[in-house]
Amino acid sequence: GKDKEVVTTGKEEDANGKTLRIVTDANYAPFEFLEGNKVVGFDIDFIKAVAKEAGYEAKVESVGWDPIFVEIESKRADVAVSAITVNDERKQTYDFSVPYFLSTNKILVPEKSDIKSGDELKGNSIAVQTGTTGQEAVEKLLGKNHKDIKKFENNNLAIQELLQGGAAAVVADNTVVEEYVKNNPDQKLKVVEDSQAFNEEFYGLMFPKGSELKADFDKAVNAIYENGKYAEIYKEWFGVEPDLETLKAQQ
Amino acid sequence: MIKIENLKKSFGDNEVLKNVNAIVSPQEVVVVIGPSGSGKSTFLRCINQLETITAGHIFIEGLDTTDKKVNINKVRTEVGMVFQHFNLFPHKTVMENIMLAPLKVRKVSKEQATQRGMNLLKKVGLAEKANAYPDSLSGGQKQRVAIARALAMEPKIMLFDEPTSALDPEMVGEVLEVMKQLAREGMTMVVVTHEMGFAKEVGDRVIFMDEGYIVEENIPSEIFNHPQQERTKAFLSKVL
Amino acid sequence: MIKIENLKKSFGDNEVLKNVNAIVSPQEVVVVIGPSGSGKSTFLRCINQLETITAGHIFIEGLDTTDKKVNINKVRTEVGMVFQHFNLFPHKTVMENIMLAPLKVRKVSKEQATQRGMNLLKKVGLAEKANAYPDSLSGGQKQRVAIARALAMEPKIMLFDEPTSALDPEMVGEVLEVMKQLAREGMTMVVVTHEMGFAKEVGDRVIFMDEGYIVEENIPSEIFNHPQQERTKAFLSKVL
Amino acid sequence: MSFRWDIIFEYAPFLLKGALLTIGLSVSSILIGTFLGLLIGLGKIMRNKVLAAPFYFYVTVFRGTPLLVQIFLIHFGIVPFFTGETNAVAAGVIALSLNAAAYIAEIFRAGIQSIDNGQMEGARSLGMTHAQTMIHVVLPQAFKRMIPPLGNEFIVLLKDSSLLCVIAAPELMYWGKAMGSQYFKVWEPYLACAFIYLFLTLVLSFALNGLERRLKTV
Amino acid sequence: MSFRWDIIFEYAPFLLKGALLTIGLSVSSILIGTFLGLLIGLGKIMRNKVLAAPFYFYVTVFRGTPLLVQIFLIHFGIVPFFTGETNAVAAGVIALSLNAAAYIAEIFRAGIQSIDNGQMEGARSLGMTHAQTMIHVVLPQAFKRMIPPLGNEFIVLLKDSSLLCVIAAPELMYWGKAMGSQYFKVWEPYLACAFIYLFLTLVLSFALNGLERRLKTV
């Protein structure tokens, strides 16, 4: 098992800090993805900063999506960071940190589409990535496990479904859809925004139930909100200022 | 009836038949004998073109069957063949085995095929086995069904390739009996066999083959009692 | 040498051997004849327990081989068997076929096994085929190798189950010749065969079986010329 | 670790619905695949090597690449090309059928070639054509021998249909994954799916064994 | 849609590395699977039905459930139970081996039963034990007949190893997916993987055919 890609993030070694095993699914750009064999992304820089703030050394490992939950539930990993949406069902099994990211969902449609709002999604089939805020948002609109919702393993496939005419729209994080439209102008897609239709969704760090780390990390998250480190990372990845007020208000 | 001219047959580099000439007259019973591997089966199989021949001509009732324009399936309906291992269709009953070709090839009606099939089964003494499956028959019974199946196409000639050599000794007699009856009725027959008794009793002519040639041919009494060729003598001394 | 007492053998509901009693004396050649399905093969196979017997006893040199305490593999080394279909090992050369059991069972040295194997091959006239594979041999050669293979274990008794019935007629002679030689050398033999010539010439005694019973047994001249039982007469009339 | 029976019960109707689609997908694919497999198998045994070549190519490509890739290509490429839109169920049936056909073609070929040549010769010597012989003599016997390997292929197909969850065909595995991602649970959905798959394959084996036995007595 | 050759070139070293792991995983799994399959196959043909039962059970469970589920159970359950930590490559080899063993067991059983009973009788009549006969007479012949189905199984295994991407074993498919999700592309990664898999399976078939031919001439 020497081929496993392990990326240690602690450049500045903290000799006293315990090394935490942090798991992710490096399959969700720009939050976490592989650049060659390195796991990079907003989440990675963020967890790096938070762990350092809390006094731990972080060892990030990409284990795949489903495995994250087994690793955390069995306490073999300490923290999961993978653009994980916090919801009540998941809280039954896991602990989550305070929200660290406000996810705004937007609608990706073909240029010619006449869908202009969330409500107009009804009656169309909509592609989403399984387990994302996009799925949450659409299910709140249409109903849980509605037959018009197609859940894919990743947004890449969901967008492909849209391109080939199998779905009228994709609902996903604004960063994901905007990035895609910017990079693929030839596909003739546009982004529709509807802040009324979609509730606010938040990402959190995920811990095993009853983890003692939660308190440390909650404190550390707030600390980097205050010292400007969070805003720095956010701007680096998304090019805009974060909406810290909404995030803090959610606590 | 059958005229074979300069017949040659090779499998790859192996020339199995080397210039064979023969004539079979109507109602004649020709017995072919010879050592294993001498080309007897190949000779027989060339007659109805189960093997594509390499060179030469085969005329059946004056028609050159090696001519590409001749419909070989048509020719084969005139030439019945009985194999060493019966080759009955195991998924069909005895009656179905017999009726299949008449129904599909001759397109006779089902009643007619059934009636004729029943007559043939009576002839080979197996009327009561009409609805049995081949697997439930003894070797001798199987071979008699195979003969009936070939006769159902009303062929003008019958070819037999060692019809008794896969049988238990007690069953050899019943099959030879059916063949003798056919001969008495005037069927033209070419029979490859090791049953020298049959050759003597029924054969009009015996052909001895070795290494792809017809080495000697004559009436049975002559060939068995006064073989001319050394090879014939050597062979007969072993098998008689 | 062999004493069989009240031997019974059933396959499911089908009682194939029904109370068979027989004795084979040292150096005796016993020939078993009878119609197909009468139980001849089963009888032979029971002697070296290739079939587990249903009831009765089989004594080989006084030892009750049906006793559970007896090592049957040990017994089988004393009883050679030759099958209708040779059962040579196709992935081994002729010599390897012969040497396998001596090496693995008798644990003789390789040199000794080779030497003895060579002697046996000379005896059956196949010394030059030592390194050939069985597939390249004719039927008669295969059967002679099978005999040599059985002899390599230096058995006290040899069992033959229709050793020539899968052979082309010209090859029957060479196999019977080897068997005759064995008989002359004093080997105790039980031979199931349809070769009545062999039975007459070599057999010390002929056993006629039918439907799982020994119907009649006698010296060859008596049984062939003056059969006592109706069934024997009927059978002999078909095969002679 | 606690096993959450409650979420299995919650998702039971969806799993059931998914299982029904799994069955539907598998049954239609085995039927279409068997039909195509027969044609391709017959194509492969043609004497004319040039005519047989495309069939060899087909079998090589479909057996040489993962089914997952075939599913993607058909879902995002072939189906939209013809109909202008994607359709996961249609693409699923097509992908599974085409994939199975490559394996079934080999089963057919082996089945046909396992029939003793004497059967062909027996029929041809009666004046029957090659086609008549195939239809009335060789294929009926070959079919019988093909039931065990076809049964295996059917079971493989049933389980492979689980890969269709990647194109969001709402079969059993799709609902298992949906369940897992809602609760972030792994054992419950996968074990539940495993048991349903095992149940389906056992029923299938049982039915196939019965069929085999019935055909043997005929 | 433009085909981005550049991203394929960029990822070529990773795909190559992935392909090497794919080969390593497949080769070790076929070796272990063949060994286990032999034991299980011999277990299944035991006369004593009680002793044979666990082997039947094994084959039924492993053939009756999707490999995906088996991979999860082994990765998260079995491996950590023994070593205290997960290890995708170890779990991959174990899962593929155990799965393949179930199929190979059937291949062995069929291979052994295809050897004419006369071989067993010929050897037993010479006084050889059942075990000696198996080792020196039956198995060598059965092995030869098993090469084509084992070759098939090897190809299946090679392709199935792509499922290990779900537990992040960095094999070929894993890198294909990484490439796809970095650039939001489908065709480039999957077609690239398909060609590499096809290449691998063709090389494998070729080697197996050669082996088969060599064994036939012996």
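Letters are used for the chains, namely A, B, C, D and E, taken in the order the chains are written, and counting of residues starts over at 1 for each.
Here is the rule we use: a contact is a pair of C-beta atoms (placed from the backbone, for glycine too) under 8 Å apart; a residue touches a chain by one contact, two chains touch by 3 or more.
Keep in mind it's a predicted model, so treat the numbers as computed, not measured.
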item: Steps in the shortest chain-to-chain touch route ending at subunit E and beginning at subunit A; value: 1
item: Subunit A to subunit C, fewest steps along touching chains; value: 2
item: Most distant chain from subunit B by Cα centroid; value: A
item: Numbering shared by both copies at the subunit E-subunit D contact, with half separating same from different; value: same
item: Centroid distance [mean C-alpha coordinates] between subunit D and subunit C, Å; value: 51
item: Subunit A and subunit B: spacing of chain centres that average the CA atoms, whole Å; value: 82
item: Where subunit A and subunit D are represented by their mean Cα positions, the distance between them in whole Å; value: 38
item: Per-residue overlap in subunit C, given as positions that touch at least 2 other chains; value: none
item: Junction residues of subunit E - those touching two or more other chains; value: 72, 76, 186
item: Multi-chain contact residues (two or more partners), subunit A; value: 66-67, 70, 74, 157, 160
item: In contact (per the touch rule at the top): chain pairs; value: A-D, A-E, B-C, B-D, C-E, D-E
item: Subunit C residues touching subunit B - in the complex, by the definition given at the top; value: 35-36, 138, 168-171, 173, 194, 235, 238-239
item: Subunit E-facing residues of subunit C, complex; value: 48, 50, 73-77, 79-81, 83, 85, 87-91, 100-101, 104-105, 146, 149-150, 153
item: Residues of subunit D touching subunit A in the complex; value: 1, 4, 14, 75-77, 79-80, 84-88, 165-168, 170, 174-175, 177-178, 180-187
item: Touch list for subunit D against partner subunit B, complex; value: 116, 118-119, 121-129, 132, 136-137, 140-141, 144, 218
item: Subunit A - residues contacting subunit D, complex; value: 65-70, 73-74, 84, 89-90, 92-94, 127, 130-131, 135, 145, 147, 150-153, 157, 160-161, 163-167, 206
